[in-house]
Amino acid sequence: MTLLAIDWALLIEKLVLIAVIVFASLGIALYTTFAERKVAAILQDRPGPNRAGPFGLLQPFADGLKLIMKEEIIPNTSNKILFILGPALAMTAALMTCAVIPWSSHVELFGRKIDLQVADINIGILYIFGVVSIGVYGIMIGGWASNNKFSLMAALRGASQAISYELAMGLSLIAVLMISGSLSLKTIVEQQMAPGHFWNIVYQPLGFLLFFVCALAECNRTPFDLPEAENELNFGYHQEYSSMKLGFYLFAEYVNMIMSSAVMACLFFGGYDVPFLDESALAPNIAAIIGVAALLVKIIIFVFIFMWIRWTIPRFRYDQLMNLGWKTMVPLALVNMLVTAAVILWRAGV
Amino acid sequence: MPIQYYIYLCLALFSIGIIGVLTRRNAIIVFMCIELMLNAVNLLLVAFSKMHHGAAIAVNPASQTGVEGQLFVFFIMVVAAAEVSVGLAIIVMLFRNTHSVDINFLNRLKN
Amino acid sequence: MNWLFLLSDAGHSNSAANYLPIGIQLIFAAGFVATMIGVSQWVGPKRKTADKLETFASGIESHGDARQPMAIKYFLVAILFVLFDVEVIFFYPYAVIFKELGWAGFSAVLMFVAFFIVGFIYIIKRGALKWED
Amino acid sequence: MIPVLLILIPLLTGLLSFLIKEEKTVKGWALLTSLVTLVVAVTGCWFYPAAQLTYTTSWLPGLGADFAVGMDGMGKMLCLLTAISFPVVFVATQKNTYKNAGRFYGLMLLTQAGLTGVFLAQDALLFYFFWELALIPVYFLCSIWGGEKRIAVTFKFFVYTFLGSLLMLAGILFVYFHTADQSFAIKSFYQVKLSGAQQGLAFWLFFLAFAIKMPVFPFHTWQPDAYEQSPTAVTMILSGVMVKMGVFALVRWLLPVFPQAASDSAHVIIILSVIGMLYASLIAIRQDDLKRLIAYSSIAHIGLMCAAVFANNKTGMEGVMIQMFNHGVNVIGLWIVADVIEQQLGTRKFSELGGLAQKAPALAILLMVMALANIALPLTNAFIGEFLMFNGLFQYNVWIAAVACISIILAAVYTLNMVQKIFYGNTVPATANATDINQNVQFTLVVLALLVIVLGVYPQPIISLTTDTVHAILK
Amino acid sequence: MNAIILSALLGVVMMFSGIVIKEKSALKYIAAAGLLLLLIANLMHTYGIYQVRIDTHGLLDFQKFGLFFNSIVFAATLVYVLLSGKDIENTGLNVAEYFALIFFVLCGVSILSAYNGLLMLFLGIEILSIPLYILTGADKRNMKSNEAALKYFLMGSFSTGIMLMGIALVYGATGSFGMTPPPVNPVTGLYQGSFLEVAGLLLLFVSMAFKVSAAPFHFWTPDVYDGAPSVFTSFMATIVKAAGFIAFIRLFAGHTTILGPTWKIILSFVIIATLLIGNITAVFQQSVKRMLAYSSIAQAGFMLFALYSNNDLTQEGILLYTVAYSLATIGIFAVLIKMKDYTYDGFNGLAKKQPVLAFGATVCLLSLAGIPSTAGFFAKYYMLAATIKEGGAFWLVIVAVLFAAVSAYYYFRVIQAMYFKDGDAETHGPISNGFKYALLLLSALIVLVGIMPSVVLNWLYF
């Protein structure tokens, strides 16, 4: 009986892990929206939301509840199925990204060694790329299904922007891969933790910069938020949406932001590594908790930078954006890759 | 899993592609069906590659057999990409002239 | 129930079993999304009027279908992306094993990059990447 | 070197003719060169030892094909016929004018090269080459300078013969792969060993090509139309020389290579030929058009030759040899007369002619000689040939020969009928203002008439010229 | 190797020369110079002088035959560029790109003539095909050209899909992409081919039949050839088709026995269908261009004999066929492009107005019809001879011969129109003297090869 061979414990373990990670990231995302408004307020020297709960801490829940309670409107001229599929796809894709991120090494509970990573697959980075590209479909389908000129325009912009920057993103990653020699995120993080190695940011400052810019663009964050440029396209690709479907689009953006921060942390900043701390000397469970905390801190820093940029830097024009993507980022990434390869080969003395 | 499953799956995908090419009238859908055919082949090649590799490492653990199958997949992907770009360009060009992607009108060439 | 045996050989790092959690997560995420849409559908008010169901164009009456031929540039970006992305794909396997290939592999990749750049320069020179009209 | 010269002179001069614009010049040029060829041919026939009459050089070594030409008896005789025909035709049609005369004479000379090549080729592939090459210029000649319906008619002629020759090509290849040394040389072909079935297959492939060319009933349908529509100068060459290609090829390539199949199929072919003879003769009686009459009469004569070839005995074969030459002479004579009448009177219909003998006595006399030769009256050249052929046919089968003899009577009927209708009776409007023939025509007709009579009395030159071939074939 | 690398580089050079050089008419000279260079480089390779040595790990196998085929193709392309270069300029704005694409096609040809393994076959076919899709649609404003391009593209990639399936199945059965036949069964003396392999080979056969437009997979050909700009039709119908045949023959040279006696039956069915459809349909065409499209199918039927026979005569034959057919078709198309009206009537009286054009066209047509003393005769001769030598299919030869006679019908209709009919054949503008000399040279070449095919073939044996 094959059924008997199933490791039921493993199954339950993964289920719990998935539930925790998904809800945690949703929660963080929820509070990121709050943080965004607060950060904006701070940068603009005003109090920000402060009515709901202490310091306005319940504000995100109020927002969420409002979105759920709103009326569903599907325009007459739209394509009904695609109209619903669009946000659903965007949200699902956003939630899928976290599957390969190593939140920390492992904990030992009930005598089991539990990896704090949903799936350690050897092509983790490719997986992230794949899932992120599916997110583009969400935007494109939503814009197309609305059958609204503004939406379609915004969706087109969004899609062309996303794919343009994906190129540079892919290229900038290759240098990191050369250093680590693996596509598995876990391996990459462990390498940075290993004694005698520094974080990849030390070897790859240019690579990080490129990746960071691309991440901004992929998340449609300012200064790359052309798909939702309010003052020219009304409200962007999701202007026909209401209620939870709109919520998904907004939410997906924040989840994406968190996930790209996590990826950046893993690739360039040692993931759950705490600098100058020898994790192996600690008890595994404590090390794991410290690791999660470290990663969260890194994520929060990145998210803050995202917001900081949003409220500081004006939006690009479409042609500036594409020129930057194609004519600056791509060649720079190529050069970075070649130089990295040459230096590594030279140092290896082959 | 036995190799037959992969073969059946791939043949099913391939047949769907062929039937789509032969019956559909929308150039883009025909085009997508062709891509489906190519991807069915990719899948099959990888499956075969794995099969041959499995058979070879049973004899010689260091064997590299099967690599060429996966290599081929790479080439198919490249060529498919090239075809996609050329095909898209042609369809766009046609669309700008006729405002239609229906291939029924291609019969006009007959006379 | 043959597929379940996937769960049993989770030992290998490179086996289909590693992907099973992803499948579970997919079900989980999709289920979550579906539930939320269903809930909001169920909870929200339903008072539809003709005005509400029209497409929104800042209050102006909208004319015609939105799905009209659009600027060729967008297609161009798509086509170029497909081409260059596939070229980028080739760097990944190289990046993983480039140490074993050594300088010979590096020179081969240099040639590949040269072709990449030639194509790149060509499209720039031909004005495919000229966005401002 | 002689055989090469015979091909090269008309070939090169023909190509040069294309460049000549002046009509007078090109006529003189063509006549001159054809006379040179005649001189070379005569020298070759009687003044050179046999050893010097062959020439072989490597052509396609990989295929076993050589550029091999040579003159044996029959080749000499037919080359002589070709060499005589062309100057005669040129002289006789001197007064005719052609648009783009340079091209016309160029193509004529190319035709001569092709024809000579066919008669001299000692290599199957080369033979095929010339066989086709003789066709192409004729196709252009007929289609450009022919009558009203020229395009369709010539095209039919062309497609027929082209199809035939392609089948022959298949046959040649078939035999080639069965030769001992994979060679196209005539010797290898003669020595090839084929089984009965193989012989039968290849035999019919060859025969079809030759039968279309000759033409033998029922492949003759292209012929009367083509003769009628072609410019007369071309018709003369077509019927005087070109149809001999078919008979020649039967003797040269068919009988020796497929002796078994030839004797097996002889009966069928002879019966077909005899049917063709009678059929053509009967139709000839009903003709109102001079050209068509000559055309059908030509079919009848060729039918007899074909039958006599397949009778496969010495008498018949000698007759064929003589008749090949003589029929060429006679029919060219008849065409010259036809041309004169058409040029002068603007019509070829018997119903519109009559009483010409009063106006043109010289023409009448000369035509009479030709007509009698056409009936094969004793003392004319054709008599000996036809006599020998019928003799051969009798040796083969009395009944068939007896039936074939009817055609002699029919020939007398239509030929004399023609003479009577054109020359005797009262003058009609068309002939009222007719004058006698000009010097050129008179000269050529006299030459031909002399040939008719001289060879009628003393056929020995031809017979002795071709005995070696006859012996070789019948061996 | 020289040819593959150089042709790809030259393609790139042409691409950029379009940007650098503003003078459009200079481009064809650059292309011609490039072709000459390519030809020389290939000849050097033939004689063992390499510029580059690359270990292809057995993926490519340069044999004299393939190299020689390359030389022929390059020479034919050179003739093509010299004859029709002006018309390529007139097709559209992107002149340099057209030449570049032609070079890329040549790169595909060079791969196809040397491939050793299904991977390279696939790559070669695609490198050959993809530029052609673009060339077919080069006349952007012309609806017919667009449609032809789409049709060609869809059909081409469809057949590519089939070919890939075939390759995958063969790979599954044998475990390699090599072309060495599997071991012989000692008992039956036949090759052992599993079901997968046979199925794969059949799929490969179908896809290759698509590429060379053999019936019943020919249906795209007339439309595509008709719709494509005439200059490129001429290129497609000649060089590309010949390369397809080279690939076809190479592919099946070792594999035929796996399919057993059925192979010959299938092939003879395909040959007869191709000849029948090509010839009979060509007879009924009113447009010369369309007639040539169908006649190219008919010629493909003849070339298929090379596949059928597969002996020592085949190689010489297919080379000669390539020479004869390419030269003649390039010539006749070069004349056709100059005509205003592509129907038969459009040719009426050409001989009077443009005797040189008419003469050149006539020589080309005679060669296509296979009249002796033109190159076409020996081309057909070799095909028939090879088949007879193979034995067992004499009836097939007879059928072929009958259809050859049919083909004379439609080729000679053009000659009739030019020489025997009166009319006012109009050409696009005056014909330059250079074109006339080139055409005469081409005619001379056709006749030379027709009389002395050994000038071409002797190279094979040096």
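Order of writing sets the labels: A, B, C, D and E. Residues in every chain begin at 1.
Keep this in mind: contacts are C-beta pairs under 8 Å (C-beta built on N, C-alpha and C of every residue); 3 or more make two chains touch, one makes a residue touch a chain.
Computed from a prediction, not measured in an experiment: that's the story for all the values here.
Under the touch definition stated at the top, subunit A and subunit C share no contacting partner at all. The fewest steps needed to get from subunit B to subunit E, moving only between touching chains, is 1. Set against the C-alpha centre of subunit C, every other chain centre is closer than that of D. Taking the mean of all protein Cα atoms as the centre, the chain whose own Cα mean lies nearest is E. The greater number of contacting C-beta pairs, out of the two interfaces C-E and D-E, is seen for D-E. Look at the CA centroids: the one farthest from the centroid of subunit A belongs to D. The distance from the centre of subunit D to the centre of subunit E, with each centre set as the mean of the Cα atoms, comes to 43 Å.
As a whole-number value, the distance joining the C-alpha centres of subunit A and subunit B reads 32 Å.
Taking each chain's centre as the mean of its C-alpha atoms, subunit B lies 66 Å from subunit D. Centroids of subunit A and subunit D (each the mean of its C-alpha atoms) stand 96 Å apart. Interfaces, counted as pairs of touching chains, are A-C, B-C, B-E, C-E, D-E. Subunit C meets subunit A in the complex at residues 1-2, 4-5, 7-8, 10, 13-14, 18-22, 24-26, 28-30, 32-34, 36-37, 39-41, 43-48, 52-58, 62, 65-67, 70, 73-74, 77-78, 81, 84-85, 88, 91-92, 95-96, 98-99, 102-103, 106, 109-110, 113, 116-117, 120, 124, 129, 131-132. Listing the residues of subunit C that touch subunit B in their complex gives 2, 69, 72, 75, 78-80, 82-83, 85-86, 89-90, 93.
Note for the complex: subunit E touches subunit D at residues 316, 366, 371-373, 377, 381, 384-385, 388-389, 394, 397-398, 401-402, 404-405, 408-409, 412, 416, 419-421, 452-454, 457-458, 461.
Chain contact summary for the complex, subunit A toward subunit C: residues 2-3, 5-7, 10-11, 14-15, 17-19, 22, 67-78, 84, 87-88, 91-92, 95-96, 99-100, 118-122, 126-127, 144, 146-152, 156, 159-160, 163-164, 166-167, 170-171, 174-175, 177-178, 181-183, 234, 239-240, 243-245, 247-248, 318-319, 322-323, 326-327, 330-331, 334, 337-338, 341-342, 344-345, 348, 350. Taken in their complex, subunit C has these residues touching subunit E: 118, 122, 125-126.
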